[in-house]
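Both complexes below contain subunit A, partnered by subunit B and then by subunit C.
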Partner chain A sequence: MAIREQEVVAAVAGLQIVGNEEGLIPAFGLYLTRHYADYYNRISFACYHRAEREGPAARDRARAALIRAGEVCAFNTFGGIMLSQEWEAVVAPMIESREDWAHGMVAVVNALGWGKWRVDRLVPGEELAISIANSYESTGYLADHPERSDGGVCFLATGGASGIMNLLYNGDITTRPALTPQYFEQVFSTAGRFVARETACRANGAPRCELITTRS
Partner chain B sequence: MNDVSVLVQRDCLGGDRIVELKLPRAVALPDLDRVDGVVTRVVLSELPRPFFKLDVPGRFLLTGIIGDPRIRVTVRLSVRDRAVPTAIDVARSLLAGP
Partner chain C sequence: MAPMGTFEVAQDLEASTATLGGQSLVFHCHFYNCALQAAVEEALGDDAADIQRAAAHSVVRAQLLALTKGQATDARLATASKLFAELGFGTLDLTGLGPRGGRATVKASHYAMGWVAIYGEREAPTCNFVEGFVAAALGEAFGIASERVRVREVGCFACGAETCDFDVEVL
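== the complex of A and B ==
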């Protein structure tokens, strides 16, 4: 693997990504948000718990919607990052293969404060296994709620993981496509797209949250 | 200045405040000195491809890579309606030197 993660994390930290007088954080050709993790967590978990009380069908729809929100985030944020000058300056010089794009994206994630992601397995075009030592979603869940017997709660991370695979192997972010709504539908809604599932979660007592992404 | 081309104008909030331009030549380090009103200047020369970021509050954020002809200008809300002319003015100042 050609990606030197510590160098990426240090370089992204050196970009001085801060808010301006408009309250916006322009970086990577995007507007980033510096968000209270608890704000997102409490809204998403309240939604999920309400749906759980309604029954399995509502629960499944809520889970799917929250993960879809993560995929939309991945499309715009990860896609935007991989097309950015910052990526060209920091990550692109290390890239030797398509798989390095995935490792590079995970390295950037590890500079964003989302928890410590690790690529456990990447089978080109087939499977991505990521685990997270301290996802902010599971951390937030356990701060407010008792441990769950089942059902992971890392919805955004789940969508992020499938986003990486869809951008690389269902679409082709390396060809610098325009990140349009039409391209999103092409990459994230077609048959054979990648879907991630959380197979272990700290909210269920697991030591790490584990995300497995395969084709649907 | 006709050889400055607009590559893309968009932003991820459904607006058009980010303008990417291609200059007729690569940006050089001394070019950055010609941009007026810069309050924050970051040049990460230790990177394999040196990244720069110049912030002019109230007007724009200019980013790019030394040695690359492409620049990105993210304009502030107050000049949103003049995003492309503002970006081209920035390009003009970069290119004004010898």
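== the complex of A and C ==
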């Protein structure tokens, strides 16, 4: 593998990503925040718990909506990063194959404070298996709630994992497309798009959270 | 420790985590912030605003307790404003607040500007996170119990106002 993850993490973590004179963080063609993990966790889990009380249909709708927010994140943030000058400077020189784009993106994720992601398996164009030692979602869940008997809680990570595959193998981020709403629909809503499932979650007692992404 | 402007964020590059004042911090963009808010509003309806306020209040107050230890009241409010800006939420003016409440204002609100950029204007104010942040800042600065502070956004950029304005009441 060509991507030297520690170098990428150190480079991204060393960027001075902090609010400017307006209190905004324009970066990668976006406005970033350095936000509170437990803010996201508490509003997401409040939403999910209520839906669970309402029944399976509401639960499935809530899960899909929370994962969709993660896909929106992946499309714009991961896409924006992969089109950025910083990517060109730090990651692009290490890239030797399309798969290295995925490994490079996971290396960048490991500088975002989201917990430690690892690519366990990548079958080009077919499957991506990612596991996370300490996803902020499962960590926050276990801090606030009892362990669950079933149902993973890493909604953002699930959307992020499918996002990597959709950007690389359903769309083609390597051709530097414009990240428009139309392109989002093309990449994330067409038949045969990639869908991620959380097959193990620390909130259920698993040692790591595991995400499998395959075509729908 | 990595400097983040005024504040020093403890970054653990091995664990891929970052903390400040006991709170885990993660980078996210306006697309995710607004998409998540939209999902929560869709699912929780009228309760969404309260839940977002409460969630914001809980994390910000715990963090400010750690970051403002030993500071005088004015310094605590200034720390809260600096923190707000350095985290990328906009420019927060808390100088209109006193122990009986008052008015807070945000220019360039991340949430309001983000919402307008993605979805356009909306009828209801969007800065529920900021309401919780302001309540935490006032409560921590003046030592007022959380349940006695009520903050409501009375003008929002996402609704067409120039700035986002917050009425702050102490019960």
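Convention: the second predicted complex is superposed on the first by the 216 of 216 C-alpha atoms of A that agree within 3 Å, B and C clash if a C-alpha of one lies under 4 Å from a C-alpha of the other, contacts with A are read in each partner's own complex, and residues count from 1 in each chain.
Simple rule for what comes next: a contact is a pair of C-beta atoms (placed from the backbone, for glycine too) under 8 Å apart; a residue touches a chain by one contact, two chains touch by 3 or more.
Computed from a predicted model, the values in this text were never measured in an experiment.
In the superposed model, A:46 makes contact with subunit C only, not with subunit B. When the two structures are aligned on the shared chain, A:2 is found in touch with neither subunit B nor subunit C. Here subunit B and subunit C are compared by how many residues of subunit A each touches, and C touches more. In the superposition on chain A, contact of A:30 is made with both subunit B and subunit C. Legend: residue contacts after superposition of the two complexes on their common chain; A:11 is shown touching subunit B, with no touch to subunit C. By the touch criterion defined above, A:123 lies against neither subunit B nor subunit C after alignment on the C-alpha atoms of chain A.
By the touch criterion stated above, A:76 is placed in contact with subunit B and with subunit C alike. Of the two partner chains placed around the shared chain by superposition, subunit B and subunit C are both touched by A:22.
By the touch criterion defined above, A:92 lies against subunit B but remains apart from subunit C after alignment on the C-alpha atoms of chain A. Put simply, subunit A uses residues 14, 16, 22, 30-31, 76, 80 to touch subunit B in one complex and subunit C in the other.
Put simply, subunit B touches subunit A in their complex at residues 8, 11-13, 18, 20, 40, 42, 44, 47-51, 53, 55, 57-58, 61, 63-65, 68, 70, 72, 74, 76-77.
By the touch rule above, subunit A contacts subunit B in their complex via residues 11, 14-16, 20-22, 26, 29-31, 76, 80, 85-86, 88-90, 92-94, 178-179. On the side of subunit C, the complex with subunit A involves touching residues 2-5, 9, 11, 13-18, 23-33, 35-36, 38-40, 42-44, 48, 51-52, 54-56, 58-60, 63, 84-92, 107-108, 110, 113-114, 129. For subunit A in complex with subunit C, the touching residues are 6, 9-10, 13-14, 16-19, 22-25, 28, 30-40, 42-44, 46-47, 50-51, 61-62, 65-66, 68-70, 72-73, 75-77, 80, 109-117, 133-134, 136, 139-140, 156.
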